[in-house]
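Naming follows writing order (A, B, C, D and E), and every chain is counted from residue 1.
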Amino acid sequence: MKNAAVASLLVIFAIPLLIAVAELPPFGDPDAPIHTHISARYIEQGVEEAGAENLVTGVLLNYRGFDTFGEVTVIFTALAAALAVLLTSGGVQYFQEDRPPAPPKGADESERPPTPVSPVVLFVVRLLAPFIGIFAAFVILHGHVTPGGGFQGGAILGAMFIVLTIVLGAGKVRPRLPEPLARWLQGAAPLSFVLIGALGVAFTGFYLGFPPEHSLHLVRELMMVVLEIGIGVGGAAIFARIFLAMEAD
Amino acid sequence: MEVVDIRPVLAPAISLVCAGLVFLQGSNAFWRRFWSLSAALVKLVVVLSMLPGSLQGIVYVYDFVEFTPGIGLAFRADALGMFFAAVSSTLWLLTTIYAIGYMKGAEHRVRFFGFFALCVSTTVGIAFAENLLTLFLFYEMLTICTYPLVIHDETPEALRAGRKYLIYTLTGGAFVLVASVIVFDASGTLSLGQPGILTQEMGMGTLTVIFLMLTVGFGVKAAIMPLQGWLPTAMVAPTPVSALLHAVAVVKAGVFGILRTIYNVFGVDLLAELGFTMPLAWLASFTIITASVIALFQDNFKRRLAYSTISQLSYIVLAASILTPFAATAAIAHIANQAFPKITMFFAAGAIAKKTGKKNIRELAGIGYKMPWTMGAFTVASLSFIGVPLTAGFITKWYMSLGALDAGEWWFVVVTAVSSILNAAYWLPIVYIAFFKAPPGTVMHVEEASPTLLVPILVCAVYVILLGATVEVPGMPFSLAEAAVNFVFGM
Amino acid sequence: MIEWPHWMAIVVLAPLSGAVLTPIVSLRDRRIAPWFALATMTVTSVAALFLIMRVAQEGPFSYPLGAWTPPYGIELRFDEFSAAISVVCLVGSLAILCSVRYTEWLRELAKPRIPYYYALMLLNLGGMIGFMITGDLFNLFVFLEILSLSGYALVAVSGERTAEMAAFKYLLMGAISSLLVLFSVGIIFGITGSLNMVDVTTRLASVAADATMPAVLALGALTIGFMVKAAIFPVHVWLPDAHAIAPSPISAVLSGLVVKVGIIGMLRVYQIYYGSGILDLTVLNQVLLWLGAISIVMGAFFAIFQDDIKLMLAYSTISNIGYIVMGLGLSTNLSVIGGAVHVFNHALIKATLFLAAGAFIYRTGYRTLTDLRGIGRAMPLTSIALSIGAVSIVGIPPTAGFLCKWYIALGAFEADQPMFGFALIFGALFIFIYYIRMVNAFYFQEPIHKEVLRVEEAPLTMLGPILLLAALCLIMGILGRIPLTFIEPAALRMLAPLGG
Amino acid sequence: MLEALWHNIDYVASVVLFCIGLYILIAKNNLIKKFLGLNIMETAVFAFIVTIGVIEGGDAPIMGHGAQAPFHSPIPHALVLTGIVVAVSTTALALSLIIRIYRQCGTIEADELREME
Amino acid sequence: MSMAFDIFLLLFLIGTALAVAHSKDLLAAAILFSSYSLVLCLLWQHRGAPDVAMTEAAVGAGITTVLFLVTIGRTKRREK
């Protein structure tokens, strides 16, 4: 009864939405404002100006680099938030002094024997892991030419880590990511933005600027690659940390 | 002539500092008394030091702080304000002396004296407020400062009375604020320094709303019927507080606000054109008569006093609504002429209650023999309310009748006469019971109140006679009232 | 020095990068975290100061990121409304300072969270700063997400069961509102092809003149989205729990600053829509007026019946946001100025109140008025600060709250909506009553718990900020004209297309 | 209007998905389910934004060999990329909270939680 | 571009979304959501947005689903 009421309300709610979208520029219309205004310039001059054949990467890193800085900060926020919610002295912890006086029930999940995994899965995962890693690296590094980039690669890398954790057990994987290293890695993406952005001030006079001159295109390329690596590694570390924190609770 | 002078700020500030010192050092009886008394004295001196200047027509002004053009806190000691301030600060001194005697051995004395000082501070602030905003601010502060005094005993009854008091007066304050906003929106100023800041062009609707809101806002404290509900219940407070509430600070603040509304916000000319004051005059007349009739049936001494207060306050409102110079003189002079007799009575009632524990009138038989001075002073005050010549009350009634006749509203004279009869009907029985209806065998066995109680009573009684008998009472010259009237009527 | 353009970037980057570095620098010793955060906020405050001085001198200015001329890149744009970052810096820094002792209060189990607590605090503040100075719609959304996510987590950081439930409620509503904002950014982008606010304003008038329905939908979605963030009736339901249960320094930040994000967001929406003139906003204004009035009365009404001091303050926030929204809805010069300045003043006042209430809770462990009776004698300075805050929030001259409310009320009469002037003033009356109740309990009622009388005054890191804020409440009251004249050009510019 | 809607079928699908998501969010009691609903709403908005950038007969905005005009607008793609990351961030936090709530209350049904308050 | 294929994808999306709403088993709902994401990524690839499609596949279908699964593992599998 309640559900039906909600559903019928939503149908009423949908009507103004539909009316509004009907007035939007028609689907695929090449004369729509969206194609004639800013995009037009990006498509025309984007490759030279922004220095990436993949225009999406160009937009992400160059034209709207600040958005991307914000975006990596958002994932960092998610990590900080998840840790601030989940961390307890009994849960994810690495330092001796943090141990609680008496461990709570079901504590130290990392020493729990991993769920029995079928040998086939184990084998396949172990076999595939290096390939996934290489693929992730390719996606990250080649993002300005082909589809992909730091986020996608980072997510793949993070996924690889997660799969390994599931299969091998958190106890085995966690020591590979010691706390000091993890804290640097989780901040890699915003920090690389801050550094590269500051470099941009030197080149263009404004934060996050990339040298537009053709003579410096190698520098530009390098800056972008550093950013992509920062995003990728940082993203992977954050996804992995979130997963570990949730898994360990 | 306007002179920039710090004294209009100083006067309220002294009591403020005194309150602070009392809160800080008040647990020590000596310092508490010392600060209270010396502050009262210093303040009286400060206020009186402005008197000679005021009499020569000098107006002391001081802009304390201005937030934006036209909105700020500013002080201005004009004739009307000076009159009110002089009454309050004189009575504060007397009440402080009385309270020291009365509160001996009571609880929460620090709080009591601290807020007592704050109350007077705010009252003088109201007197010297240069604009509606300052007036409103002190008006609200007064509410807050008297609240702890009303609930002093912290009995459930007192707390209930306190809540009722807060609800009534805060709501009233909100009306004043709304009206201030509208006034500012209409005229661009809030100043009370001119004889009227509103003009006819602002539209009948706006003017009506402003008048209604200001009258209701101030009328709550002035206890015009039907807004009087809080006053009788607030009688649970200790007697000095009742005296302060009902004779000096709170109710007078309301009345003073109405005077400011009539004389300085609207101006008599505009009001005469608009004719708003006639309904107010009728309401006041109704209050005078009804409250007197109710007072007739009260047996509790303080309750009878309370209803008498309601009735007397409306005299001021009535006189002010008549809008003639004579009536205006009566209105202003009655601030003092009502305060002194009323405070005498409260002091007497308090002294009796303190001494004998008797709170009802019929228990008072023979008290006149035991406390002759107290009851003598009481008798003088009663005579004043009845309007016997040579007492303060007579002056008011005389001038008001003159004013009413000037305006051709003779029926207000009738109201005055009826009220006098009613006053006689409820005050004289007390005098009669006290002196003549002694139970057989009463001996003259004087147990007079202690000097700290008695001296203020007698001083007040003397003032009652002085106010009626001479024109230039020290500290409260009649000519000051006349100066205020001249300013208001542009004479 | 003032002219140096990069302050604009630093003011956002400093807190955000500081947040990333906080867990790193506190690897060895957690106790470093607050001081590092404070140092970061100091840098931010310096930058903010220069920016505000510059805007006061030369009016709005912009900073093209990546040297792209707008609208091709992202532009940071600093106008008078952006000056709200000043209170973000101030209140934020003071809240961090207060947290130094407050985090000791976290349960032992939650101690490892401390570095992330400060990181989130910095993210929250940095997100707000970014939100207030960005000139790009999508960037606005990104910063909105940073500050919202960190806000949800900060509510839950204490690890109490109720806190986590409140945080989830907050998150659920906040996520929907963010989504609505994103949706309308998408629509606006769809009909104008641009994301830069200035550019959108001009293009809405020219390119999208016939697409009014999408524009209406975008306006509605943006308004609802920001209304959730600002906690206006009827979408206020998340606020009382979240603000009451969060640790007090967080409550100060959430109640003083984060809800204002919704207001700043609405101001931006108004700037765009008034500037383009594509729609007649009378209906929206009327709706806002009513909702504002209901919020005022309802918030104040519920506050009266609360015994929990922080819950009472939370409801009073709803009421005060109602004032601001009413000021916007009236859309007269005076009311908008009053509303915009109340954004500043309310932040100061509410921070004073929450921090002082926090100090009580920290010292006594009690949080209801009944339990805290008599605390005024034990912690006199904190109580005085709280009383000053109470007087200010009611709006009694000469404290900070007065002038704004005066302006808004004046605007109501100017706009011929006297009804709302009444609602405003009688709302203030309600508020007055409950603060009287509070002061009464602190000073005059007999304590229920005798140990309340024996607690010490708040520690210095709490007392200092509290007293500073209380002093500011008074100073801002007396110097109230300065912010009013400061914000005036922005309000006039915003309303200029109305022909007023 | 119906014709316009038929032509803009992607928009319509977005609206429908949005409403389904909202329905799950409001009507379902389980917190995880609610968040699945929110995710569906988010993807609906992303789909909407991607659709805005489509150009008839266009190509992906990647200027490699063999790429030819017209190209889809790259901006919506960048926006949605950011949006997806934001969405996963929100989800991560929400799920962390859900885990904590379950640990403390033993349930994640909204009505049972409300009773516990 | 074939309109029919588009409509098929869109209908599939709506179908999976409804299935998510209907399913009482949270694990099934999460997996359905994952497939929903994958189909969406197919649609986006078809709409010429390979970057978005890739992100949705990795983040939306991958990471999000894993997080949901972990959460379901830590809480309860069945909805009441």
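We take it that a residue touches a chain if its C-beta (ideal position, glycine included) is under 8 Å from a C-beta of that chain, and two chains touch if they have at least 3 such contacts.
Note that the structure is predicted; figures quoted are calculated from it, not measured.
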Quiz item: In the touch network of chains, how many steps separate chain B from chain D on the shortest route?
Solution: 2
Quiz item: Does C-D or A-C have more contacting C-beta pairs?
Solution: A-C
Quiz item: From chain B, which chain is the farthest off, judged by mean CA positions?
Solution: E
Quiz item: So, what's the distance in Å between the C-alpha centres of chain E and chain C?
Solution: 37
Practice problem: Let me have the rounded angstrom distance from the C-alpha centre of chain B over to the C-alpha centre of chain C, please. | Solution: 45
Practice problem: Measure off the straight-line distance from the CA centroid of chain D to the CA centroid of chain E, and report it in whole Å. | Solution: 10
Practice problem: Quick one: report the Å distance separating chain A from chain E, using the average Cα coordinate of each chain. | Solution: 19
Quiz item: Where does chain D touch two or more other chains at once, residue-wise?
Solution: 9-10, 16, 23, 48, 51-54, 57-58, 60-62, 75-77, 79, 81-82, 85-86, 88-90, 92-93, 95, 97-100
Exercise. Mind pulling the residue numbers of chain A that touch at least two other chains?
Key: 17, 19, 21-24, 34-35, 38-39, 42, 54, 56, 64, 67, 70-71, 74, 77-78, 81-82, 85, 147, 151, 242, 246, 249
Quiz item: Using the touch rule from the top of the page, what residues of chain B touch 2 or more other chains?
Solution: none
Self-check item: Touch relationships between chains, expressed as pairs
Solution: A-C, A-D, A-E, B-C, C-D, D-E
Self-check item: Residue ranges of chain A touching chain C (in the complex, touch as defined)
Solution: 16-17, 19-25, 32-39, 41-42, 62-67, 69-71, 73-74, 76-78, 80-85, 87-90, 92-93, 98, 100, 104, 179-180, 183-184, 186-187, 190-191, 194, 197, 200-201, 204-210, 212
Quiz prompt | chain A contact footprint on chain E (complex, rising order) | solution = 50-55, 58-59, 62-63, 66-67, 70-71, 74
Practice problem: Name, in rising order, each residue of chain B that touches chain C in their complex. | Solution: 65-68, 71, 73, 111, 133, 137, 140, 144, 147-148, 166, 170-171, 173-174, 177-178, 181-182, 184-185, 209
Quiz prompt | List of chain D residues in touch with chain A within their complex | solution = 1, 4-5, 7-12, 14-16, 18-19, 22-23, 26-27, 48, 51-58, 60-64, 69-71, 73-79, 81-82, 85-86, 88-90, 92-93, 95-97, 99-100, 103
Exercise. Under the touch definition given earlier, write down the residues of chain A that touch chain D in their complex.
Key: 2-3, 6-7, 10-11, 13-14, 17-19, 21-24, 26-30, 34-35, 38-39, 42-43, 46-47, 53-56, 58-60, 64, 67-68, 70-71, 74-75, 77-79, 81-82, 85-86, 145-147, 151, 242, 245-246, 249
